[in-house]
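Here chain A shows up in two complexes: once beside chain B, once beside chain C.
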Partner chain A sequence: MKSALIRKDSLVLRREFLLKALLAAVIALALISVMTGLQRERVFLHERAEAERIDKEVWMGQGERNPHSAAHFSRYAFRPPSPLALLDPGTSDFAGLAIWMEAHYQDPAVFRRAEDGGELSRYVMLSPAFLLLTAAPLLIFLMMHASVAGEREDGTLRQLLAAGVRRGHFFVGKFRAGWDITMLVYTPIFLLMAGCSLAASPAELSADTVFRLLAMYVAYAAYLSISVAVAIGVSALCRTRQAAFLALAGVWAVMTVLVPRFATDVGTTLTPQPDARQTERDLRAAAMVLSRDKERQQQIKDDVLARYGVEDEADLPINYSAYRLQVSEELSIPEFERVYGALEDRYRAQEGVLRWFSVLSPTIATASLSRGMAATDRVHQRAFTVSAELHRRDMIKLLNEDYMHNAGDAGSKYTADEALWARFDDFDHPIPGLVSIGGRYIADAALLLMWLCIAMLAGYGCVRRAVATEAKAA
Partner chain B sequence: MTSTKNMLEARGLCKQFGPTVALEDFSLTVPEGEVVCLLGANGAGKTTTINLFLGFLQPDRGEALVGGIDVAEAPFEARRRLAYLPESVALYPKLTGLENLSFFDQLAGGSRSPQDLSKLLLDAGFPKEAHHRRAATYSKGMRQKVGIAIATARQARALLLDEPLSGLDPSAASTLGVQIGKLRDDGCAVMMATHDIFRAKEVGDRIGIMMHGKLVNMLDAASLDAREIEQIYLEHLREADASRHQEHAL
Partner chain C sequence: MKRAILYLESLNFIARGPALIATAIIVVTIGYAGWSGDRWRDAKRSGLESFEAEKLDALAKWRDGLVQIENGTRQAKPRDANPMSISFPAVLPPSSLGDFAIGHADLHPDSAEISPWRNPSSMFGRYQFDNPTTLASSRFDVVVVIILLLPLLMIAVSFDVLAGDRARGALSMVLSFPIRLTSLAWSRLLVRNGLLWVTAVLVMTCLLLLNDAGGDRYARFGLWLGVCLAYGLFWLTVIALCVAYIPTAINTAAALVAVWMVLALALPATVTTISEAAFPTPSRLAYLSEIRRAQTETNRELDRLTAKYLIDHPELTVGNEELPSFYRAAFISNQIARDRTRPILEAYEAARAGRAQTLRWAQYLSPSIIAQRLLNFTADADLDRQHRFQAQARDALEQLSVAVGPAVVSRNRLSAAEFDTLSLFSFQERSLAELAWLAAVPMAFLLLSSALLAVVAHRRLGAIRLHD
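This part shows the complex of A and B:
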């Protein structure tokens, strides 16, 4: 009986002119999103490679200079390109692409692509993720709005009940028919978009990327399944196609637009963004922690003189200025960590608020999972900035130590050359493996699973109610 | 001697909607191979009786049995033995007549070939050229004929018809009457609700007259002509009205 219902519902759906028109629209949008994404990624990867090349050339070609001067000259750390960024650019346009690893100061990431975008880019970016998160549920709602309401309006529901069709079978038939068509459209489109994303990436295909892709596919499949169940449930609550259409249009607006927007606003209201100028002042203060503390400077000098058993810094076997620069660096580390830690706490609090709103809309949890799997979310940006900072510390330490041990009588006139510059590895931060950071996404995955269960149960409940009402209305 | 089984049986069925009594102590048996027409005005309780047999409604008292199965206790089991034709058979407009028939055949566990299904439609008087046309283009009479084919495909032992002839042109109504007769001849028990005395006489073996939720008389259709049935019906109507006026006066 179930298979007969599934076959019938699939056939009815396939004969809908609207479905064919929607399918054409989906394919067109998918192709446009992939093409624009490919173009964006190609430009980004080219610019990034050029910037990396120039950065290295400038570093190696800086000639002879004092190592501390070189530490100020310094290099950039570039964010690793994600092979799945084409699928979901996430926050990458709004987060900095590179960090200047200069002496004394932990710089924030700079060069945000959003700043370079024209006015039009401030509207919606048509990415595959946007298509799946907002357009796909709308198309499912349009396709499924008459699933139960149409049967009630046409009188076929009563006919089915008289033929001994059970409520559970009726719901399964509707769900499977909608789900089958959805998956039949979604799977090849996702594969096409994933294939283009991987093809555009210079990175080799790794097991981690495959795992991330699979997780992303499953997350969107769950999201689309929720949309199918919601469409059936709402359709079952309405007596006519028109009412179901209007109700589902409202559900779509609330689910994909209003709740995520409202959640973001509430999050930033409850835990406001830190004042940018204050943060800069805090970072400057962190950098000056030793230079503003005369007592501590004296203490450090006394300690080092005592350690080497001399009375004057000129008698030290090391360059004292370089030594003090390194101590200053190390004293600034906890201060920088405090400032950036406070920022991180704020962002996490905002995400916490957003997660609460996931109870009202599955779009939030799905978007979070999607960005996470694409490695374009704040978690991955944070991993990049932490990694860049560790690289900066090592780099500055190496320069300061060279200055400290090799300056000799030349003092501040000491210069190093290309031999020293060549000792520095290029910044290389691989995208963290999903196994190591997967725990950050368990809450979102659990929320999505909860949504799927609730949507299925609620959908079935609405169908039960519709069937009971229909039988009594006879 | 052949023994016939009671396929449809009502035992003291009562149903009330709020203060309105829809059905009161309704008892009736329809054996295999017999057509019983329930004749009555709107609100007489005909559709309520059918809905109780379909299990769409639960009786306040009494039992509705289909092939000996209590509908209230095992509605799905009972519905498997039933076919139902409403006043206007609802078909899936995007499917053809043949596809609609095939679907309902599969629902009943059947797996007839398109040729067999086509034959069923032809037997029901459904024109061959319309088999592959979408049901959205069918007239009411054509839909009723598909409904008859569905009932035949389901191999139902009992058929419930709720005003199936109303709104049909005389020719279509006559054809449908013939089809119902064929089902009866194949051993199907038929209960048909109607307010058309002429069709009730033409199609039915027995005619039950219903007034205000009560079965007030059961007539042998063969022994009376349509005019006599109408006289009896009108007499009952007058009695019922007089009785109700008396009740109101008290």
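This part shows the complex of A and C:
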């Protein structure tokens, strides 16, 4: 009986003309998003490689120079491209893609691609993830709105009950019919989009990428399953197709469009975005922590003179200016960590509000997981900025030490050449493996799982109630 | 009779749950969006005011120092009152209607430092500290409610204006009274949607008064309301058309939701994606690379470049030789960076112009695009305003460089009189007349297409009456 129910419902769903038309529109949009995304990624990868090449060329070709002057000029760290960015650009366009690793200062990542976006880019952006998060649930709701309400309206639910259909089988039949068709459409579209994303990436396919893809597939499958269960549940709550349709249209608008935007707004209203000018002032103060503290400067000088047993800095075996520069760098580190730590706390507070709103909409948790798996979220951006900062510290230390030990009598007129510049490794930051940062996504995964369980239970509960009501009426 | 039906319909509709829910949703969402927008605008204004005050204070101190040196009341060190230290603030003030729309205003820089130390890349400072996660989701402003939510609510309350009676078999009875089907349908549509729009206009008017920030707020609000109502009218006629052509409520609702999805989401997304792919902006990384190359070149060839500058300005006499060379190195490097990156900035402008041109035509594909653009224009939350600010700030930097360049390279000071000829930055806003001109054709298109749809719907409704 259960398989007969699944077959019958599948057949009915496949016959819907409106559904087929909308499905064709969504597939067309998916193809457009993939094609334009492919072009965009290709251009970006070329530009990034070119910028890296020029940065190295400029660094190596800077000629003879004082190492501290070179530290001021320094190099740029470029964010690594994610092989799955085409699938879900996430927040990558809204985060800086290059960091200047200059002396004295921990710079933020700059050059956000979103600033090059068009007039409507703040309103809506087409990407495979956008289609899966927004259009796919609408299709499911359109497809499933009559699943129970239609049976009630036509009186066929009573006939089914009279034929001895059990409530559990009825729910499973409805769910499986919707789920089978959803997966039948979703799986090839996802594979197509994932294939294009991987093809656009110059990186070799790694186990981590495959694992990420798999996790993303599962997350979206869960999200679509939730949509199927919600559709059945809401349909069961309504007596007519019309009421079910309207209710589901409302659920869709709230779940996918309004709540995510509203949550973001509440998050940034409760914890406002940082004042950029104040943050810049704080960073400047952090960079000048030693130069503004005359007492400490004197103490450092006294210490180093005592350590080397001399009375005048001219008698030191090292260049004192370079030594002080390095001490200044080291004293600034905790200050920078404090400023960026406060920013991180602020971001987390904002994202915490988003997570609370996940209780109202599974779209938020799914979007967060999707971005994370695509390595285009803030967690990966943070890993990049931390890695660039560590590289900056090493680089500046090496330059200061060269100045400190080799300046000799030349003092501030000392210059180094290409031999020193060549000693620096290029910045290399591989995307962190999911194993190392997977813990950050447990909360979102748990929320999605909770949504799935509740949607299934609620769906079943609603169907049970509808069946009971019909049985009583009969 | 028509008046009686209208009265009855109003009572009947208002008493129903969905109407109250829809009205409550409008009050809450527009009210929240306006409150949140006001907080955002106040925070932005306060940050900009303190930035401007800080910079102007420093500038006044710098001038005092210069005057003291000129008067001989202060012993001048080489670095004192150096023209390189002149720094004017440039700010993009929030619009008088900025609480209604945030648009692009949270993504782009709103302040700059006009100083010879800066180049077109560095003059906007470090401003990219916002959380990318929240930035990517965009804000929930009044525009979102008008463009996305209101049409959905209109559909929800109107899709069954005829089909409901038809399904209950009551339509023939209603039409046995001396009233035509067209009058009945239009009356119901006007009552149901009128309630929503009256509520929306009232809430927006409250926001207008409560969040008053002066300026041309009321005039802008007039235009804002005009756009909102034209957009609402378009959706009303779309609903009328579907109601007229589709007999069952479920199919009407499905068709309307599909139209909403296409017009409000799919078309804007597709148009954006295609226009960005057709007119790609030059790489920001290429821009960065050119600036880096300019800096290296200056470092290597400072003497040659200084000599060249002095040859180009034979009237200059070299001043204080004790002044460190990095002052003029930084200045010349910034000049070279500006010249080098000019073609890139021009390419940016060309790409933006191409996109804008595409959108000017493509907007006619979807009323949501028209309304979204016009509302952002009206509230000064559009992308063009951000770019105009950046361009004006770059021009101001160039003017300052021309004014102080000779003094910097020749290691001299400006005189206080010369300094006083320099003008502070003031952002040139688009005038209301320009705004009205920009809005005229798209608004006319919205109204004309609404009229056309209304005529078609009306005729079809008339035809239904004949066959009912």
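Points to keep in mind about this one:
By our rule, the second predicted complex is superposed on the first by the 473 of 474 C-alpha atoms of A that agree within 3 Å, B and C clash if a C-alpha of one lies under 4 Å from a C-alpha of the other, contacts with A are read in each partner's own complex, and residues count from 1 in each chain.
We take it that a residue touches a chain if its C-beta (ideal position, glycine included) is under 8 Å from a C-beta of that chain, and two chains touch if they have at least 3 such contacts.
Remember, predicted model here, so these are calculated numbers, not experimental data.
When the two structures are aligned on the shared chain, A:Ala95 is found in touch with chain C, with no touch to chain B. Contacts of A:Thr36 after superposition on the shared chain: chain C is touched, whereas chain B is not.
In the superposition on chain A, A:Lys472 makes contact with chain B only, not with chain C.
Counting residues of chain A touched by each partner, chain B versus chain C, the larger count belongs to C. Contact with chain B, but none with chain C, is seen for A:Asp154 once the two complexes are overlaid on the shared chain. Of the two partner chains placed by superposition, only chain B is touched by A:Ala162; chain C is not. Looking at the shared chain after the overlay, A:Gly408 reaches neither chain B nor chain C.
When the shared chain is aligned, no partner comes close enough to touch A:Gly341: not chain B, not chain C.
Residues of chain A that lie in the contact sets of both chain B and chain C are absent, per the superposition on chain A. By the touch criterion given at the top, residues 18, 21-22, 25, 29, 32-33, 36, 39-40, 43, 47-48, 50-51, 54-55, 58, 61-63, 65, 69, 73, 76, 78, 90-98, 107-126, 130, 134-135, 138, 142, 241-242, 245-246, 249-250, 253, 257-258, 260-265, 267-269, 272-280, 283, 343, 346-347, 350-351, 354, 377-378, 381 of chain A touch chain C in their complex. Of all the residues in chain C, the ones that touch chain A in their complex are 29, 32-33, 36, 39-40, 43, 47, 50-51, 103-104, 106-108, 111, 125-140, 144, 147-149, 152, 155-156, 159-160, 249-251, 253-255, 257-258, 261-262, 265-266, 268-277, 280-281, 283-286, 288-289, 292-293, 295-296, 299-300, 348, 355-356, 359, 369, 372-373, 376, 382-384. Taken in their complex, chain B has these residues touching chain A: 47, 51, 54-57, 76, 79-80, 82, 84, 86, 88-95, 99, 103-104, 106-109, 154.
Residue ranges of chain A in contact with chain B, taken from their complex: 1, 3-5, 7-8, 11-12, 15-16, 154-156, 158-166, 471-472, 474.
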